[in-house]
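To start, I am sharing the structure in question, which I have written as structure tokens.
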Amino acid sequence: MIDARRSLLLHGGIVACLALLAATLPAYHAGNLTRILVLAVYAMGYNLLFGYTGLLSLGHALFFAAGMYGFGLSAALGGLSAGAALLAGVAAAALVAGLTGALALRTRDVAFMIVTLMFAQAGYLTILYLGTWTRGDEGFVLPAAARRLAGFDLRGDGARLVAALTLFSACFLATAALTGSRLGRTLIAIRENEERARMLGYDTARLKLVAVVLSGTLSGLAGAAYAMLFGYVGASFATVQYSILPLLWVLLGGAGTTVGPLVGVALMFYLIDWSSRVTDAYMLVAGAALIGLTLFAPQGVAGLIRRKAAPWLP
Amino acid sequence: MTQPPRPAPTRRRALATFGAAGAAVLLGDVARMAHSQGAGPLKLGFQVHRTGIGAAYGRWYERVATAAVARINDAGGIAGRQVRMIAEDDGTDPRRGAEVLDRFANLHGADLVFGPLFSNVVIGSAPRAAELKMPYFVVSEGHHVASGTLNRYTLQPGITDVKSQVRSVAPYVAANIGRKVTMIFPDFAFGHDHREFFTDAIAAQGGEVIAQIPVPPAETSFTRYFPRIPRETEVLYHVMVGPAVLTFVREMGEFFGGRGPALFGFIDSLEAVDIASPGLEFLEGSHLWEGMPRFAQPDQTGHDARYRAAVGVDDTGASIDDPRDVSTYAHMFGVWETLSVIKAGMETAGYRGPSDRPALIEAVEAMTDMPLSDDHPQGDKLFNGRTHQVFGRQSVSRVEGGRLIRVHETSVEDTLYEDEVDYTTRPF
Amino acid sequence: MAAVTLLETRGLSKSFGGVTACDGIDLALPAGETLALIGPNGSGKSTFTAMIAGRIRPDRGRVLLRGRDVTALPAHARIAMGMAYTFQITSVFADLPVRENVALALRRTVRGEGRVQLRTEQTLGRVGLLARADQPAGDLSYGHQRVLEIAMGLAQNPALFILDEPTQGLSEPEVAEFVALMDDLPAATAVLLVEHNMDVVMRLAGRIAVLDAGGLIAVGPPDRIRADPAVQAAYLGTADA
Amino acid sequence: MEFGPHLMLALLEGAVTSAVLALTAMGLSLVFGVMRVVNVAHGAFFMLGAVAAWWIAQLVGAHPALGFAAALLAAPLLVGAGAMLADRLILARVGYDPERTIVATIGLMYVIEQTVLMGFGPDARPVAPPFDARIALPWVERTAEGLALYWPWGLSITAYKLFVIAAAAAILAGLWALMTRTGAGLVMRATQQDRDMARAFGVPVSRVFARVFGLGAALAAMGAVLVVPIQQAHYLMGGDPLLLSFIVVIIGGLGSLPGTVVAALLIGMTDGIVSVFLSPTLAKIVATLAVALVLVFRPQGLMGRARA
């Protein structure tokens, strides 16, 4: 019970700190914060499946892109308002996650990784194949109407940051609540020992599908929000690169922790930002950092803190 | 996963150092953001594909940009102010491209941004340019500017777009090479533009596209696609981009074994590739579109000669230092000419600082004729301020003895088409 | 027989790649009875219990629980009908606290986290692990892990408790504790006990079923089984070799 | 082109793809089978092999055949040595933990790619094939006088492509012999079966791991050396071979040599054959989904046996 209060304090405190940062950071870093917050939602979606349920997917770009294109196409071609298009994007991601999840979950371990990867690859190629509507790799710019939500023009830096912060906070608190809930604890049990969980009477097959759908939906929400906030939809967001990124973010920040995704995205973002000032080979620095991470802090930053200082960290 | 315990203090110290470094970075940024209103050098942000799939082009774009900026500075700068070019790698990625615009605007305090080629980077970055009210001069040959999908802050004054290129050469193809055309092109937006514009243009000449063969992106072997070429094909129209272009052309040669249809290609299929590479002998006698002739022509102008010297390219289009290092000659002039337009525009607008950005854009929009000169070594051009797009002459060259010889040059008028947008009516 | 038949198998058979593990086993277990399943190694005991629990699908035959055919039901659904199962090779959530291990067993049926925690502490107290409630289960000794797994079964308050060789690897005092725990079970709980330790079998079992080479060779009260010549030939002679 | 010759050509091209893929995937399969780790940097080793081939061919100069031969010998050795170093410095230190190995090899992939970009540059560079004769192939058609041979456009293969198929087959046969007929192979297979048991029998498991990792990378490099005269060396060329190798390894069944070869043939051919019937990008989509569904409904792979 004390842990629950601590957890509330921690998550509330982080949201408050972010709000403070949003209000005080200079323009450049405020812009970075906006991006970090949206990408952190994607990472949180990924973490739900990988960190909490123990399923390593290499195909989450499919869900991110489903949300992004569900939003973008329904707004640009269907003429939906931003709010309705956002719902369409999330629904598209949930549907795609449900379908591919039901199939992919028939496999496990490395085969699961490969099957999810291939579904995502097929999704990417489909976006190119439907180039008449999607404009393929080139992508398209969203109309102004798709960037106006609840009376706010999201093309303004201030409104955009507030929207990103609101979205992040809602998802952050929701995942924190989820991980403490019956469902969340059961997912952890599946991660730890699936057969034992099954022999305690939990329908692990169904619960894993629930986890895929929740994770995919959250990832799709992030994809739709990224399009809405930054005004562009393109196939590069559906490439394998965008399936690997959330894995790296989550591992860097700490898999199976609520704060890990945010920490991982922020660290990676600033690692590249900082090293690209020094060298063009910023991906080399990122690569070396990943190797260093696995050697010296394999549980990620939040995992390290949990082990050293705060074992109660959710 | 149990780990051997390690001494904690080291880690704590590392974290502390990290935190301190972060704070220093933040504070440093704030200090550096002091703007250059009216004093000091002008800062031009150069968005460049140093890594990623566009890096082969990016390397040459950067050489040209560096040379053009040096030339401007040697001649006294822009309105008496020296120019400082700040290059940032966009990784040929649209997300990174938009982030780089933030860096230019909010970190470097750049006055404007220029330089990207790949259309996904352009389209991904353009909305951010408009939000930042940052003039964005692209060198992409895409139709996205003139089609009206972008915005008032995005301009393409240095290179003709693909719609003009394709339409202007269609009459020559129909009259001199053949009328039954099969097209092979990459299956994404750039290839689709070729498909649509050329299919219409050749029909207008009484010709016909009898087959269209899209090739999936990132493909590394192509032979399996060639059997789709119908036997009655008179002309094979080919355009390919990416690192596998040489494979594409070589496999095309192997496929036909000297018995195929006439070839008409876009030099994109061979950009940065030595035309004398082994396996390309079959190209002898075939035709290629060029934005600017790679080989110095018999009637070479002094402007071309001086431009070649400035960017370090010899008469065969290769680097002076390394004859095997072939340039992207047909496209990279656009960077040079874009910087000429920027200089002229800033001087006309009396540009002093970021508050004069709208004036700069209006000054460029007001431009029309751009005569052949050292500023415009590729040739004379006509700028359309309403569509933000420039129009210039196109070349058709023939491969003769391993060299590209120009056999036809279109007029500027040949490249014109009806306006699809009027950006000048949009607010800043 | 006054007691209701809780579990019944009819002609339950399974073979792996031509090797018969179970061959047409018919067995009935009334509520409240403890039935010990014995037999030499490889006689099909674990396969049989795994088919009852739904971990292995039989080639032929049926499983009935409270008269209902559950042969097609997946394992978790059978557990939900009132079974509990402990593995032959101890299986706990090693990286989770002992407390959470038991709570997970409870949470499926008990509503409210407060009540879950209360029942968890009661159960841990009953098996003597309360002092270790906050340790990761993987840090427990082997014997304690077995006890924890049994606690997870107890917490589910099962109508049928299947234990696959629960005393394997336990020390003498730990075996005694286990026997005491089993004695404490509610009278209505039926137990299917796969066991090698004949002292434990004799102490706990109401009836004994003997498997040999996949077939059921005898079922009956301990005294009769002890005296059965077929059983002696097949099994008892080699039991504690 | 008519259906018959088109299919024939697709099969020939598919055979070349399959040959290179079989080599590359075999390297991954070996690492996977023996060490039970996923090496994401496998594609980067492939690319390194191609770049090393270009570099060696440049150094040797002389006749293309000489440069190529030198590359075929030296490039796999260089890449293999590099991989063994990576094994000692990184993988051994994370204890071959599956997840940490994935992250570390992703990092390694970035490091290799960026280092090559800085040293070798962003351009695609060709290596001259040792010989390059085009061999036109005939086909039959029904004419007024009955069946007659004719030479369709494009129905051809080069001598070099035939050599690639033969060389890949020879290397695979050599590998087969190594695994089944030598002590080193026995040790590897023993480690694959049960590493603890192998260790108990005195097998120096960590040294075996380093060698297997090196051998795996060297096989990828051999595939790359064979492919550079057809394609070119480019710093981002490792992506496709990595993906395809993974698919082949899973479809073929973990660590199964014959399974890997069969799966490589299947994957290499599927791509080509489907492209005969469907528009190219659609063909890729269908082929990708088909392979995914094979995995979904036969998760143990085509050659693997179901586990109880």
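Letters A, B, C and D name the chains as they come in the text, with residue numbers starting at 1 for each one.
Everything that follows uses one rule, which is that a residue touches a chain if its C-beta (ideal position, glycine included) is under 8 Å from a C-beta of that chain, and two chains touch if they have at least 3 such contacts.
Please read all numbers here as calculations on a predicted model, not as lab measurements.
A.B. asks: Work out the mean Cα position per chain and let me know which chain is farthest from subunit C.
C.D. replies: B
A.B. asks: Hey, which chain is the most central one here, using CA centres?
C.D. replies: Chain A is the most central one.
A.B. asks: Higher C-beta contact count, A-B or A-C?
C.D. replies: Most contacts of the two pairs: A-B.
A.B. asks: In angstrom, rounded to a whole number, how far apart do the mean CA points of subunit C and subunit D lie?
C.D. replies: 50
A.B. asks: From the mean C-alpha coordinate of subunit A to that of subunit B, what's the distance rounded to whole Å?
C.D. replies: For subunit A versus subunit B, the centre distance works out to 34 Å.
A.B. asks: Using mean CA coordinates as chain centres, what's the gap between subunit B and subunit C in Å?
C.D. replies: About 73 Å separates the centre of subunit B from that of subunit C.
A.B. asks: Take the average of all CA coordinates in subunit A, do the same for subunit C, and state the distance between these two points in whole angstrom.
C.D. replies: Measuring from centre to centre gives 43 Å for this pair.
A.B. asks: Using the touch rule from the top of the page, what residues of subunit B touch 2 or more other chains?
C.D. replies: Touching at least two other chains: 1, 50-51, 187, 216.
A.B. asks: Considering subunit C alone, which of its residues make contact with at least two other chains?
C.D. replies: none
A.B. asks: What parts of subunit D, by residue number, touch at least two of the other chains?
C.D. replies: 97, 100, 114, 117, 239, 281, 284
A.B. asks: Residue numbers of subunit D touching subunit A in their complex, please.
C.D. replies: Touching subunit A: residues 32, 38, 90, 93-94, 97, 99-104, 106-111, 113-115, 117-118, 239, 243, 246-247, 250, 254, 281-282, 284-285, 288-289, 291-293, 295-297, 299 of subunit D.
A.B. asks: Taking the touch rule as given, give the residues of subunit A at its contact with subunit B in the complex, in rising order.
C.D. replies: Touch residues, subunit A against subunit B: 25-29, 31-32, 35, 125, 128-129, 131-132, 135-142, 155-157, 230-232, 234-237, 270, 274, 276, 280, 282-283, 296-299, 304, 308.
A.B. asks: Going by the contact rule set out above, which residues of subunit C touch subunit A in the complex?
C.D. replies: Touch residues, subunit C against subunit A: 53, 55, 74-77, 79-80, 85, 87, 91-96, 100, 103-105, 107-108, 113, 152, 156.
A.B. asks: Across the complex, what residues on subunit B touch subunit D?
C.D. replies: 1, 50-53, 55-56, 58-59, 187, 213-216, 218-221, 223-229, 231, 243-247, 254-257, 259-260, 272, 277-279, 325
A.B. asks: Where on subunit B does subunit A make contact in their complex?
C.D. replies: Its residues touching subunit A are 1, 3, 6, 8, 11, 22, 25-26, 29-30, 33, 50-51, 88-89, 93-95, 98-99, 102-103, 105-107, 119-120, 123-124, 126-128, 130-131, 142, 144, 149-150, 187-190, 192, 216-217.
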